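Going in written order, the chains are labelled A, B, C and D, and every chain counts its residues from 1.
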Amino acid sequence: MSNSGLNEALEDLVTANRVLAHEQVLDGFGHISIRHPERPDRFFLSRSRSPELVTRDDLMEYDLECQPIDQRGRVMYAERVIHGGIFKLRPDVNAVIHHHAHPILPFTFSKEKLRPVFHMGGVMGREVPDWDIRDKFGDTNLLVVTMDQGLDLARALGNNRMALLRRHGAVVAGLTLRQAVFTAVYSTDNAKLQLAARGELEYLSDGEIAETEKLLTMPVAMDRAWEYWARRCGVLQPD
Amino acid sequence: MSNSGLNEALEDLVTANRVLAHEQVLDGFGHISIRHPERPDRFFLSRSRSPELVTRDDLMEYDLECQPIDQRGRVMYAERVIHGGIFKLRPDVNAVIHHHAHPILPFTFSKEKLRPVFHMGGVMGREVPDWDIRDKFGDTNLLVVTMDQGLDLARALGNNRMALLRRHGAVVAGLTLRQAVFTAVYSTDNAKLQLAARGELEYLSDGEIAETEKLLTMPVAMDRAWEYWARRCGVLQPD
Amino acid sequence: MSNSGLNEALEDLVTANRVLAHEQVLDGFGHISIRHPERPDRFFLSRSRSPELVTRDDLMEYDLECQPIDQRGRVMYAERVIHGGIFKLRPDVNAVIHHHAHPILPFTFSKEKLRPVFHMGGVMGREVPDWDIRDKFGDTNLLVVTMDQGLDLARALGNNRMALLRRHGAVVAGLTLRQAVFTAVYSTDNAKLQLAARGELEYLSDGEIAETEKLLTMPVAMDRAWEYWARRCGVLQPD
Amino acid sequence: MSNSGLNEALEDLVTANRVLAHEQVLDGFGHISIRHPERPDRFFLSRSRSPELVTRDDLMEYDLECQPIDQRGRVMYAERVIHGGIFKLRPDVNAVIHHHAHPILPFTFSKEKLRPVFHMGGVMGREVPDWDIRDKFGDTNLLVVTMDQGLDLARALGNNRMALLRRHGAVVAGLTLRQAVFTAVYSTDNAKLQLAARGELEYLSDGEIAETEKLLTMPVAMDRAWEYWARRCGVLQPD
């Protein structure tokens, strides 16, 4: 890969930070990472900073043990182990998001199960597993801060595209950056819609979920949404 | 019709894209079309692009089989058959909207029936039929992508002004572009209000619905709203 | 009164239009009027236009029969009789608002009663009467368009500060323009909060309502809010 | 402390006013104060003005009896006694917020108890006591306007970080300004999330609350959020 390939990937990571902040998936907290496109044993993640503010210079390189390659005094996200854990156990995954989007959170402290209720919700897949840090690590401040915790969460995620952290938030894993962003935005919409409905609900069938998951590989959907979000958050300028 | 008449119709279609995006009826997805004002066997629809971004150059001309007249390499909306199907079966209709407005969606996967609860809601008419793609086409990704599917949906719409697509969204049909936009915005408001209310609800009587439907032909209402929306989305400038 | 007094009153009416639009009490529809400060048998109201767009030139003068003094071809609000009716029956009232604020509407088509649940909600007073146009006028499009209808509504309002129009909206009457605006904004907040709460609710006591109503005559409250709203909608510039 | 230390504290107080308005904790009403960094028997609070509009010149100095040191004709908040009362009884507290954030209010007039449902909600502490002005002072306009009332509220707050005022709002006390702002924003988020969830809820354990409270002393969390909020409200400029 040329330098320009890496640069483009890192620019996309900056854009993804802005998009997710603007679409209210991320707020002051939460983060998104990508695997190094050439070195699968490395990943990129911003220094400790709110996603809306992240610039190219804030991006740091890490190994899969979450050690910084070149820290230069920058403060690190305490929860970077979420990213390291998933990149380690899921060689197919190239982008990871950890977020606390408001519509998702009620599903982390109630018994209501997050399930696809409209076609776009199908992208989160048939199963969204729950992970409770308390099960194995007892009373904590709920942040995922040790490699042990990060790996435990990654195991709970398994081969799924998304998992919920009880009383805390969610993780999303994508084969590509755009897939991860698309999944995060539309699973959040699905949560919002599910909470707004009343009475007995109807869900997508397993067959429908399998079909809608393919949207994640359709350029017509991926590109249209990416252009839209990049324009909305001001990264792309009008024609 | 002069060229300037067609140009004005196409400019209005661009404005309608922006208005519906700004009023949150459309987001990254969804679309609005108009029938060709001179050739009833043709219609106009943007190339595959988010409505908020649509410009005059994005508009493409189609025949009623949804074949592009002059594609010039532009990517097309997969769901353009929704528009073709309705224009084919409903010669009175001159504008079609397909959307996934959030307030409408809960009515597509719950048993709660969308019904007029305030005077403006009356514009959606007395009956909003449901259409479930699964009934005839089994497990799909829920997108309406074949002429068969488009025509089946159009048959379900019948002579009504609006139909709901189960687990997916809605279609709105107008005798004019402004009617369609007006109906889409106020049916969405009606949905929002209906979801916000609690307990036993009161609805408009059939007589009241018949009377409020006439608002759609009153210039005092149509023009006031159009000016307002065009200003809000930045198409019209302040006096 | 000097000309400058009248001019100031009309400028305030323009500001009130902008404020109520910005605070989401009014949207494309709804209106606010003031009684002529020197001639109690006259009132001012915009020509047919969305409140956010109203300028000084849009303001028209009416007599209490809702006949324009100098129409100059301007299109009029069909519902101006709401204002004429109230100004006629309530000589103490100097400002009238008719609106369809979203949080208020669920109380017009459900059985839930709008009642003061927090101190600011007390400004709407102890009783918010309901008026149903259907009772006396049968099936209509629910708009209030004849003097008979306007007077019937005014009679239902009685000596109260606010009334609800079933399946339609609300009217607010103020001794001053700022009182009417303040009442409209905070009754809308009260409605929003009441809808958000669950289970059995606690309300202000009659004594508390009587005490909080006095806020409407306290300059410290009226002026602080007015400056805030005027800044938010861009009428007032930062220091 | 140098003059520049005091100046910085006052600049931070201006920023906090803007931040809390932008994050919708404060609206036209509500206020935030700090104890004088050098003289514990004094505190600073804006003159009567909406928080979004507060500038350095609006800040007034008070003694703990809420008498202005140098009024210069400025109108004062009637409820400044809330601040004086808490500063008097809680020598550890250096910042006080009184607010009416919408998500908090339903918990002041329903029987639902505000409790930590996600990690950030843990910062409000294990106990959020209720105070009802009616208990001791009977029917009032619910505003806290005498020293007696302010002290009574301060006693109800006790050693907690936050208290609710029935049918009125909340108070938040912080060891530092940033702690108070952080607590106000995230307790408001907690309220919003708790209201959005349905069915039986799960709460943070006492041990988890104790652990999450420590977030309030972690610079990594405090600084990241402060930079984010200051950028969002326009006080800090982009890099």
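Assume a residue touches a chain if its C-beta (ideal position, glycine included) is under 8 Å from a C-beta of that chain, and two chains touch if they have at least 3 such contacts.
Quantities reported herein were computed from a predicted structural model and do not represent experimental measurements.
K.L.:
Check the residue numbers that chain A and chain B use where they touch, and answer same if over half are used by both copies, otherwise different.
P.N.:
different
K.L.:
Going by the average position of its CA atoms, which chain sits the greatest distance from chain D?
P.N.:
B
K.L.:
Can you give the whole-Å distance between the Cα centres of chain B and chain D?
P.N.:
The computed centroid separation for chain B versus chain D comes out at 46 Å.
K.L.:
Give, as an integer number of Å, the spacing between the C-alpha centres of chain D and chain A.
P.N.:
Whole-Å distance between the two chain centres: 33.
K.L.:
Among the residues of chain B, which are close enough to touch at least two other chains?
P.N.:
Residue numbers touching two or more other chains: none in chain B.
K.L.:
Please categorise the chain-chain contact pattern as a line, ring, star, complete graph or other.
P.N.:
Graph shape, chains as nodes and touching pairs as edges: a ring.
K.L.:
Within their complex, state which residues of chain C touch chain B.
P.N.:
Answer in residue numbers: 27-29, 48-50, 52-53, 55, 75, 78, 100, 102-103, 105-106, 108-112, 134, 138-143, 166-169, 195.
K.L.:
Hey, which residues of chain A end up touching chain B in the complex?
P.N.:
Interface residues on chain A, with respect to chain B: 117-120, 122, 189, 192-193, 196-205, 207-208, 210-212, 214-215, 220-221, 224-225, 227-229, 231-232, 238-239.
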